[in-house]
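Letters A, B, C, D, E and F mark the chains in the order given here, with residues in each chain numbered from 1 onward.
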Amino acid sequence: MSGGKEIKKALEDIVDRDYTFMHICGTHEAAIAKSGLRSILPKGLKIVMGPGCPVCITPQGEIDAALELAEKDCIIATYGDLMRVPGTKGSLDSSGKDVRVVQGIHKAVEIAKETDREVVFISVGFETTAPTVAATLLTNPPDNFSILCSHRFVPPAMKFLLEQGEAQLDGFMLPGHVCVVTGYEMYEQFKVPQVVAGFEPEDILLGLYMLVKQSKEGRGEVENAYPRAVCREGNKKAMEMLYQVFEPCDVEWRGFPVIPDSGLKLKPEFEKYDALKKFGVEIKHVEKHSACICDKVLRGIAEPADCKLFGKACTPRKPVGPCMVSHEGACKIWALYNQKKL
Amino acid sequence: MCIAIPAEVLEIKDGNIAVVDYGDLKQEVRIDLVDVEVGEYVLVHVGFAIQKLSRDEALQTLQVFKEVYEAMEE
Amino acid sequence: MKVNMMHGAGGAVFAELLGQTLTRYKNNNAGGIGLESLDDGAVIPFEDKNIVFTTDSHVVRPLFFPGGDIGRISVCGTANDLAMMGGRPVALSCAMIIEEGFDIEVLEKIVSSMDEALGECGASIVTGDTKVLEKGAIDGIVINTAGIGIVEKPVRDSGLLVGDVIIVSGTIGDHGLAVMTAREGFDLGEQIMSDVAPVWGLVEKAMNAGEIHAMKDPTRGGFSNAINEMAEKSGVQVRIEEEALPIRQNVRSASELLGINPLDVANEGKVVMGVRAEDAESVLSAIRSHKYGKDAAIIGRVVEGKSVVMETSIGGERFIEAPVGDPVPRVC
Amino acid sequence: MKVNMMHGAGGAVFAELLGQTLTRYKNNNAGGIGLESLDDGAVIPFEDKNIVFTTDSHVVRPLFFPGGDIGRISVCGTANDLAMMGGRPVALSCAMIIEEGFDIEVLEKIVSSMDEALGECGASIVTGDTKVLEKGAIDGIVINTAGIGIVEKPVRDSGLLVGDVIIVSGTIGDHGLAVMTAREGFDLGEQIMSDVAPVWGLVEKAMNAGEIHAMKDPTRGGFSNAINEMAEKSGVQVRIEEEALPIRQNVRSASELLGINPLDVANEGKVVMGVRAEDAESVLSAIRSHKYGKDAAIIGRVVEGKSVVMETSIGGERFIEAPVGDPVPRVC
Amino acid sequence: MSGGKEIKKALEDIVDRDYTFMHICGTHEAAIAKSGLRSILPKGLKIVMGPGCPVCITPQGEIDAALELAEKDCIIATYGDLMRVPGTKGSLDSSGKDVRVVQGIHKAVEIAKETDREVVFISVGFETTAPTVAATLLTNPPDNFSILCSHRFVPPAMKFLLEQGEAQLDGFMLPGHVCVVTGYEMYEQFKVPQVVAGFEPEDILLGLYMLVKQSKEGRGEVENAYPRAVCREGNKKAMEMLYQVFEPCDVEWRGFPVIPDSGLKLKPEFEKYDALKKFGVEIKHVEKHSACICDKVLRGIAEPADCKLFGKACTPRKPVGPCMVSHEGACKIWALYNQKKL
Amino acid sequence: MCIAIPAEVLEIKDGNIAVVDYGDLKQEVRIDLVDVEVGEYVLVHVGFAIQKLSRDEALQTLQVFKEVYEAMEE
């Protein structure tokens, strides 16, 4: 990808006051950190992170449920991301149980086909990921396979944030890979500046440029800075499969209250793949650590460094809050890339 | 959670499987969610192609920028 | 407090365990460079020369991976640590811990791979030990080697000087990603090859071509860890140019696919050097003339300050930090 | 074929694995005594002296036992192998492999015990390595040490000459039975103490007092294994007088109770020597003058022939054979 | 113990022709081997081993049953002796299961008291050992405790041997520690020279002296060379306890056919401690390796060295027959102490 | 299977347990099968005293031998 120079220049020219935009995708945060992008933004332009990392927003109770399933001698198949997320009593990684990192749900099904033991796939992820689960469940996995269903949908969380209205945001950078699947029609309900952006540093710069421009022009619509992958209607086939298998439900987000229609549950005909039902496991609500301000970080009204625990009681090695856990967590990324002032 | 990377479809096999190339690295991925042909590009996420990629030069970032920028100059 | 996996992954957490527990020997030095330096090896003055002494246990999984195996690593790992001190590898010990039920034919393959690597290094395994543990008490096999080398003027990992140029002897991340993609579940098979190789030949050429102020092999914790250790011990800042880093295309692809930073994973046949600026080009061509140094590159420079800074291709800056824990493949 | 527990217990079975697999290196010697000799250590000529080099991994259970712990054994085991070659211990490496979840306070105790033993030996740990394995991949901790010593005239384990006198530096079987009775289930607690100790001081005195033709420490496989190796490598017969063998009363009692031959279990602070007959008495008193040699005794002699023969107290004869596998407590 | 010299001298004087005596105690064989006693016997005097080692005579089917119980996730408690005895598919030692060496049955009960898991004690042994099992079962072990009952009685086997009449035996050295418990009255039924002997080399020499003397004098009775431990009536208390818990049964011996009344089974009121019944495990008869002549060795009509497999296919490391397995097995002892001719 | 070794009874505890000494080595053993007192000797097998030992010198091996031998001389 080239063109970064031109866009940077244009961005410097266009920024005339303070702007704060929120992205809601952990992969955006990772790309920003990796490229050191914040170090080249014009003065006044700020990009903050929202509730965009499915690991960050998975409540502790769901990790505890996964650990409980591991205790029941199920083979646990999971994305590597979840391995070190602390539940109430340790993480999957340190459980000493049979926990296997897989690339995706189809690999977990392959494991199930080759064993008599129960295999449970810890199924987290946003709209990007959920269709892969749907597609797999539609291929009739064996009886010893089930999923711990922890999916989340982005727009209801955005709605919640906008209704709270605490964060002084000038607009949103929409999650490129979520929009690959869903398109962006459903974001048009929000009358604020929004731009769908890709994940190269140039993509993000362009997204920011378009956000400033829209803001400046007083518009509040959805624009697409990532047309090589995203179109308005998204991937219809994927969305159809998703709704064949799942239906929306109300669900808690780590650091948030229960957000209506922001989760996915299996439709009755797929309930046999529901690990919670199959093994009689319940997800319990776990109270958050009192001093952690993750909820504020995720809502864009605080930065990690505003937290009293940041870098002291809460470090990447001993994370207190979810934002310090995930590779995409704002606190972790700040700790790794920004802690020492450049 | 949304790492997705582009790849070229090299071969299509039975059972919704394609062999793709990420750049000197080949892998079998599931293509349940897209209708693709050999030679096309896809975005791969958790082992599934989740969308076809447009190869149209006009849709590259720089091109989009130029269009937006020019629209501003107007 | 309990030892956890991060204690074993190099980096800051490991350093803490080391500092607080594992290096608390009063008897830690036999007259030269001892345990307190935590360099690639120790140096013991003897007659008018120096003995270099180092050890490593090898626990790589799978035992056989594209481009190498635990046997080859066991020899190269230790021979390379000797080389990092400027030492010519002479003799190695080999202590194997084997699980009951381990296949003797596999053992034979490991031994012959070690022997081949020894031939390449010009060193010998002169003493050994074997323990067999009951099934379940260890996972397959662990191989420890210690090594003795000879050097006149030792090279430290702490010798970086402001103005030095940073050279890496070849592509980064190959071993770590080869091993990771060869593990089950990703179906990436044997597409990425480990770089495991003895580097003494290359190092010897480099030392003859110019003044090398510091050397380290970027093994556990990868390049990120090695360069941070060098910078910190030397009391300098190192600035790395992202675009200058030699990384193979398939390593780059795999690292994106697995969400792994290629700078954070082990290399087993590479050297990171701080070289006097005037000698940089001649050292670089000396390294490139060796079969294991063809992709060597100048990747950065040493300035006053602290930390390691990456100058990114978009023109930004960020820190390169030693990884916390062993990288795990991920999808976010 | 698979590795089994007997492969790890020393003796004939182990020798087979060694001979057929583990010593098949073409690169096995750096100019002096190499792997092919399977002596207590290797010797590498350097300038006009000799470097002695040896390694051992330590897997003893329980980690703490009456009279010692895995830390003390890790230092003494390697320092003693150096001493067995006539070498003064100078520097040790220490490579730990630790299971996730291991208690750091226990680790601290091990380190300080190692340090104490180092002080006694006059050696230092100058280089190290630490690996942490995930829970279940290893049972607690394994410690490997390698060691470097200096010697002018090396002593072999193969140097027994017809006419030599066999001396043992103290009581036999203490360590093996201490460890066994400290394990759960026999309720014998801490009544028997391990002999784990560094023997260099004692060996140095002995070497100054007379001509020592051969030395070996009767560790794994016990006295039975050590004396058989010495006899076989030297091409002689050794005759041992049952009544002359120094064995503590409680070791004798425990060995009857557990059905264990005290000659078949490990000692960790003892030496078996072949000494020129004329020097036997002066060597014996030199050893006895050292705190770890008070119970030293002349226990046999070297004659022409092969094998090791026990002259029993009833006036009979039988062979002393290297044990097959690790002794297990039994009731028959 | 002293006096060996005098007895040796007397033995040399008294032996006037070839004599062969059989002992039927592995501990005798071990003592003979350890002291090199055969090397000092007068020419013509021979002592051979009979079926005196409970490990040797435990049929392979019983080891297989123990392994089957281990597979069922029972904690197996056993004497160390049995650890390496090969069953059809490996030994307890190499099973990778939870197998623990204990000093006696009471230690196995202690394990059971501290766990919820099932604990099975592999209960082998002659009359010496069986009363310790009886005494323990009489103290009401917990419900999760049971035994694999493999006990054997010596006199029925002796009877069988005498009835076979193949071995040219001049008499028997009776097992001292068996007789400590049972006394020797029950051996008086056999009209051949018999002497109860202890286990010091002097004890054995004395036993041999008394056997030669009896033989020479044409007597066929039971004499006691071990009166410091053995009396005619034995330990009555122990025998009473034994018969409170057990009753005789017909049973196979390794290398022998089924010998009537040579085994012990639990009486009905103690059947709840019978692991076979509790776990529905059966002992199957396993055919012996064809070339092994253990049966002949155990009957005293062959020496280990007479076996074609001895020292070749059959070694202490890779035992083919039971006599090579046990520390007290004739073949193992010959391999370790006698193989090279002195 | 019949290793049994002599020991002196040092102490008798509740529950049929005695502390014995094998010779500089003490252990608790079960005494269900014998009636013993402190100071007496027992034979211990698999952790149980299986019989009391006579301390009578006349019953030592050499004494028995002498009796048998003399009986023969007669």
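Methods note: a contact is a pair of C-beta atoms (placed from the backbone, for glycine too) under 8 Å apart; a residue touches a chain by one contact, two chains touch by 3 or more.
These numbers were taken from a predicted model, which means no experiment stands behind them.
**Student:** Find out how few touching-chain steps suffice to connect chain B with chain F.
**Tutor:** Contact-graph shortest path, chain B to chain F, evaluates to 3.
**Student:** Please identify which chain has its centre, taken as the mean of its CA atoms, farthest from the centre of chain F.
**Tutor:** Comparing chain centres, B lies farthest from chain F.
**Student:** If you tally C-beta pairs in contact for every chain pair, which pair wins? Let me know.
**Tutor:** C-D
**Student:** How far is the middle of chain B from the middle of chain C, if each middle is the mean of its Cα atoms, in Å?
**Tutor:** Centres of chain B and chain C (C-alpha means) sit 36 Å apart.
**Student:** So the centre of each chain is just the mean of its C-alpha atoms; given that, what is the distance between chain A and chain F in Å?
**Tutor:** Each chain reduced to its C-alpha mean, chain A and chain F end up 77 Å apart.
**Student:** For chain B versus chain D, what separation do you get between their C-alpha means, in angstrom?
**Tutor:** Those two chain centres are 65 Å apart.
**Student:** Would you please write down the residue numbers of chain A that are in contact with two or more other chains?
**Tutor:** 26-27, 53-55, 79, 81, 93-94, 103-104, 107, 125, 129, 202, 328, in rising order.
**Student:** Going by the touch rule set out above, which residues of chain C reach two or more other chains?
**Tutor:** 4-5, 100-101, 134, 136, 186, 259, 330-332, in rising order.
**Student:** Do you know which chain F residues sit against two or more other chains?
**Tutor:** In chain F, 1-3, 45-46 touch at least two other chains.
**Student:** Every touching chain pair, please?
**Tutor:** Pairs satisfying the touch definition: A-B, A-C, A-D, B-C, C-D, C-E, D-E, D-F, E-F.
**Student:** In their complex, what parts of chain D are in touch with chain C?
**Tutor:** It is residues 1-5, 7-9, 14, 17-18, 21-30, 33-35, 41-42, 44, 46-49, 51, 53-57, 59, 90-91, 93-105, 107-108, 111-112, 114-115, 118-119, 123-134, 136-139, 142, 144, 146, 148, 150 of chain D that touch chain C.
**Student:** Please output the residues of chain B touching chain C within their complex, sorted ascending.
**Tutor:** Touching chain C from chain B are residues 1-3, 5, 22-28, 44-46.
**Student:** In their shared complex, at which residues does chain B touch chain A?
**Tutor:** The touching residues are 1-4, 30, 32-35, 43, 45-48, 50-51, 53-54, 56, 59-62, 64-65, 68-69, 72.
**Student:** Going by the contact rule set out above, which residues of chain E touch chain D in the complex?
**Tutor:** Spelled out, the residues of chain E in touch with chain D are 4-5, 8, 26-27, 30, 33-40, 53-55, 79-81, 83-84, 93-94, 100-104, 107, 125, 129, 201-202, 205, 316-317, 326-328, 336-340, 342.
**Student:** In the complex formed with chain C, which residues of chain E make contact?
**Tutor:** Chain E reaches chain C through residues 93-94, 96.
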